[in-house]
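Sending over a structure as structure tokens; questions will come in a sec.
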């Protein structure tokens, strides 16, 4: 309110005082601090020692050299990274897979920018990004030989499954949430049962069902590539969870909002699209980000139905006589890849939360 | 103007087994300004929420601007366009700027082009004396300012009737007078208004008629001076003594 | 008149089983993402028999649990995935087997420092076995037979399983012979592990198809027969062109399509066997490339040799 | 017709009928097609296999399960294993979660930093990778002869050996059951609606009385099961190749439980943190201004309120974590999913077994959710909560 | 009684870089009843929250009942026992019954036996005229009743000083008078009270002194009659005109 002259600023405590206040306020707190710092230091040093100081980086090195050095054997990554990243994608065409992954990442980043948040822009970004991805990966036009879906693999496949799960699952989730919130009791009840059923099943069993059982159940003309069936299953699972998150968010929207819109004469679909959902999404943001994180990690479960996504490519990467010993390094590498994406997502979520906190009240 | 703005005949409303409105009869002429008061839980909000069908009524008839409200879906949105409502807690859309709040309904419902809707919105924002806040978000305004935006938002639909449900009771003392001023201004322009409020000063100055409700019934009605100075019922007298007491 | 063959031809590719991850020697992925291994080469041979082109093959990676449903539902046309023939698979799952292409025995490896001489000494020990594979049953029944109790650790993924054994989680490791031998040969200290003499079971590995399509099974069987016959007669991918130009015998002439009659009854082209040998090689070439001297594993043929070299494999007669 | 459509009630009825009918139709069509396809392929379908002997041994079972036992018994044991691991995993995860959550809201910056690091690391790496990692680590522990000793427990690559009671198994099971029954009754007495009207002290007395009775009975049962003249407790010790005595927890079991605890702890930690944030400063300030100490305010006010705020989300998380036990297959823990999966390969009855798998998890998770909702309702705050 | 109840000397408070209290000096004698008013954001809440150290102050001294509040943890808990506080939003513990709310602190802090604590609680619940609600939960009470429980809860600690932060502003008009009545009763018993409120009727009737704050400073103080009829400062006059205007 009243502008403050700089002379009136409170005195800033010195570094020592702050350290004392933050870390050593009471004996218990001091103990906790020491313990935490000690633990962090120990873990950090062990990791550094193994992963860097005693590690082998020479691509030509094999088991004997690596064992002699004592630390991590990054040679396996140097030799097998293309398999990990691209899976069974034809070797000469792997640039396409790399480019496609890049496009997905760019698309994701673009759609995370608040300035792209109008339905039309999002649709444009996604349509373009996804179309390009598909064209590059699948090919089948002059210049780009056809690469069938079962040859896709590695990071590109993981991204593809994740992104399409999200794209299909999100509208489905909204539909589920609205159905469950319906005023009509039978619709609300049966969709509640459906959602709860899907939610309490393990994802593996759903993937298994969609990949393997569905061919028995569906007439042939509905059946598509196994990849698309698996994506459908994973999207359904995502939708069931996300629906509950959105519903939670909708409960957080004051009833007065909907009433205000009603009393302005705004019809149902506009009320949902313009008033309720935007606020529901804000409320549900942390949970939504969490769900995305989980979904990204759970793409690794498609290994159970025989896809060469990141994790099974990694398995194949040490699954050869030369490298069977170096599986820890491969796992660490893959875990690191997952970590980058997921960490990015969760930091972005935190940023959004802060941004919205300042936008409101 | 032979058709009254609002006619309620034997209006009944139940919440489960709780009888919230017990046969309410009321006719409001166009241009009339009505203040409703009564103790908490007496059914004031319920009644005005029935008028634009935020609550379904369980018996009797509601006729608004000559149209009877029934189960037919089409008529209710048409009615709501003509009946504006201002809530106790403002209920502004927090994710839209003040201007967007105001232009949303005209653009979606009346298909007004954006430029025109914005001009209209600015006109009403000026009327409630906050044109300079148009680009802020509701969360950045004080309560009094928010309530004034809510009034402007309702006005942008050019409703025939405005309903107010305790528009000042969520405000700080200093802000109440801002909002009451705006409302008094509107009343002066001949808008049909029904206002639930305990601001007796406002009622005295503006109302054509004061309605006193208790336990789901209209206990007393009449011109404000008569009601405030010599309430006819004992219940009304007791209520007045408590509200004006401190 | 095989519906499966027609479907495969219409699709333009054979759908054959791969592995999730890898199965050393039988299905591995090289640096460039190409499949190799004994099972894979057999898939390739069948694909070549049909299309004359080894690339008309889709390797569909499958987990163990997936192989039967995938075959039944038509996701794959044939299962060549180190799988043995069993009664229940034949009668209850509606499957049909080809001749055996590999004879694996289930054996047990032990840490040398335990000083075991046979499985009988290992009473009360811990044994690692692959989960959901036939070894699970074989170990159970063998242990019952010789009257010992073993604690089992069953893990689905071979790499995990072997890591469990080598790191000392288990005293013993029961596995299908070739995998066991390979595991030992690529371990840090092969000399620290001994193969026990016990043979828990003999498992004839077979190619598996759906029941009720005999003509399709014929194609699998004859592809295998041709590979073995070529080995028996000394026809290799190197000399097959010479042989075709001057067939040394009537049988070879017929096999290579010089005299007609080899293909049409099977619904294939007459030179299909020539194509197979030309592109994939005979059985011996396939074996040595993936498991034998040409591979890091240097496995001997043992039972999997031809009948005239002390093994049990044989071709049918081409007449 | 249009008039009919416009009439709300009729329209609602039609819409609902169409929706429910559509769903039912979808399920029915699927079932019929499956039946048709299977019949056409001559695949034996039915439930007879459930009574056949499996022919393999279960790696871990709470009750004996050998190769001559039928499939249904194995499936049951698998379900029990899932329940067993689930209980341990969820309990540990909750414990870790509380620690992490408290660290994250602690006033000590170092603890906050550690909590955040923990969260970001363990939440962001797929559980399957973590399971692989911990299992590999567990296998690299020293052999039994060089076992590490901590507080009388021995840790080796054959498992964790903890001192055990020298008491017959039936007695332990019986006393555990008694304790559980006592706890259940006690909870019921203190929470159930029908006892609400009683005075609080009487309710409390009854609850504690039941609990005490259960403890005494349990102790008696234990004494009965104890062999005369032998020590009560046996400590694990090295004999021959292996360690004997005490209880042994296999590496598969503890790695899996550990991984679930570590991974689930990260998520539950966030829920705990959310629960405490949801309590709002007002209650804490009121407690402070009454002169309650920080500890009193924490245990009496903030914790009880935070638990109420957390419970619904926690239910969700539990349901989700229970499903994480399906990763047992990666380390060979014979959980329900692994048994089903092995049964599929051995019996080939894919559809039936997948059906059983789904049914099992449905029952498990629905009853978990129902139980949690019950508790939630029992401790729900009374009346309207419209103020922070 | 030579020691004053509360002495503030040069009290300073910053929120980040925002200067919320700018050198406040105030002495409250035992038994004195003080009403604080002033526009929103002027620092009223901040000041009384500093008195029982719900906020840390950044400069100056606070002396309560002769004890100076500093960083020593022990002294603050002792002080808080003697200083009760009633909040705008009641802040009852929703998971405990009314009776439990009242007995909790005496039992935990003063180690009063349960029976005695319950007797005491019932005594004060009678004083605030809701002994019949003792077994209900806060969520089942009306706002006015909740606020009265909050007052009883504070009284159960037998504090020397009671602080009220806008205790009636979250209440419906009818309930305000219930709570004000109870407060007036307390004032009559000679309790030391500091009350932030805009209820001018109450201030007139009860207060020994009215303090008017603005922008983090005490702008005016004096006996209520003097302040209400002829405020000395222009800011005070403006504030009064708005609050009393409608």
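The first chain written gets the first letter, and so on, giving A, B, C, D and E; residue counts start at 1 in each chain.
We take it that contacts are C-beta pairs under 8 Å (C-beta built on N, C-alpha and C of every residue); 3 or more make two chains touch, one makes a residue touch a chain.
Computed from a predicted model, the values in this text were never measured in an experiment.
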For chain C, the least number of touch steps when starting out from chain A: 1
Pair joined by more contacting C-beta pairs (A-D or D-E): A-D
What chain is most central when centres are computed from CA atoms? A
Working from the CA atoms, figure out how many degrees chain B turns to land on chain E, in steps of 5. 180
Chain separated most widely from chain E, comparing mean CA positions: C
Can you give the whole-Å distance between the Cα centres of chain B and chain C? 83
Between chain A and chain B, centroid-to-centroid distance (C-alpha), Å: 48
Between chain C and chain D, what is the gap in Å from one C-alpha centre to the other? 42
Give the residues of chain D that touch two or more other chains, as numbers and ranges in rising order. 132, 136, 350
So which bits of chain A are touching at least two other chains? 212-213, 216, 327
When you check chain B against every other chain, which residues touch at least two of them? none
Seen from chain D, its contact residues with chain C in the complex are 41-44, 49, 55-57, 59, 66-67, 132, 135-136, 138-140, 143, 157-158, 241-242, 251-252, 329-332, 334, 338, 341-342, 344-350
Would you mind writing out the residues of chain D in touch with chain E in their complex? 282-283, 285-293, 296, 300-301, 304-305, 308, 379, 381-385, 387-388
Which residues of chain A touch chain C in the complex? 63, 67, 79-80, 82-83, 86-91, 94, 148, 150, 153, 211-213, 215-216, 226, 303-308, 312, 315-322, 324-325, 327
Within the complex, chain E is touched by chain B residues 39-40, 169, 172-174, 176-177, 180, 198-199, 201-202, 239, 242-243, 245-246
Touching chain D in the complex, chain C uses residues 64-65, 68-69, 72, 88-89, 91-94, 114, 124-126, 131-133, 136-137, 139-141, 144, 151-157, 160-161, 163-164, 167-169, 171, 210-212
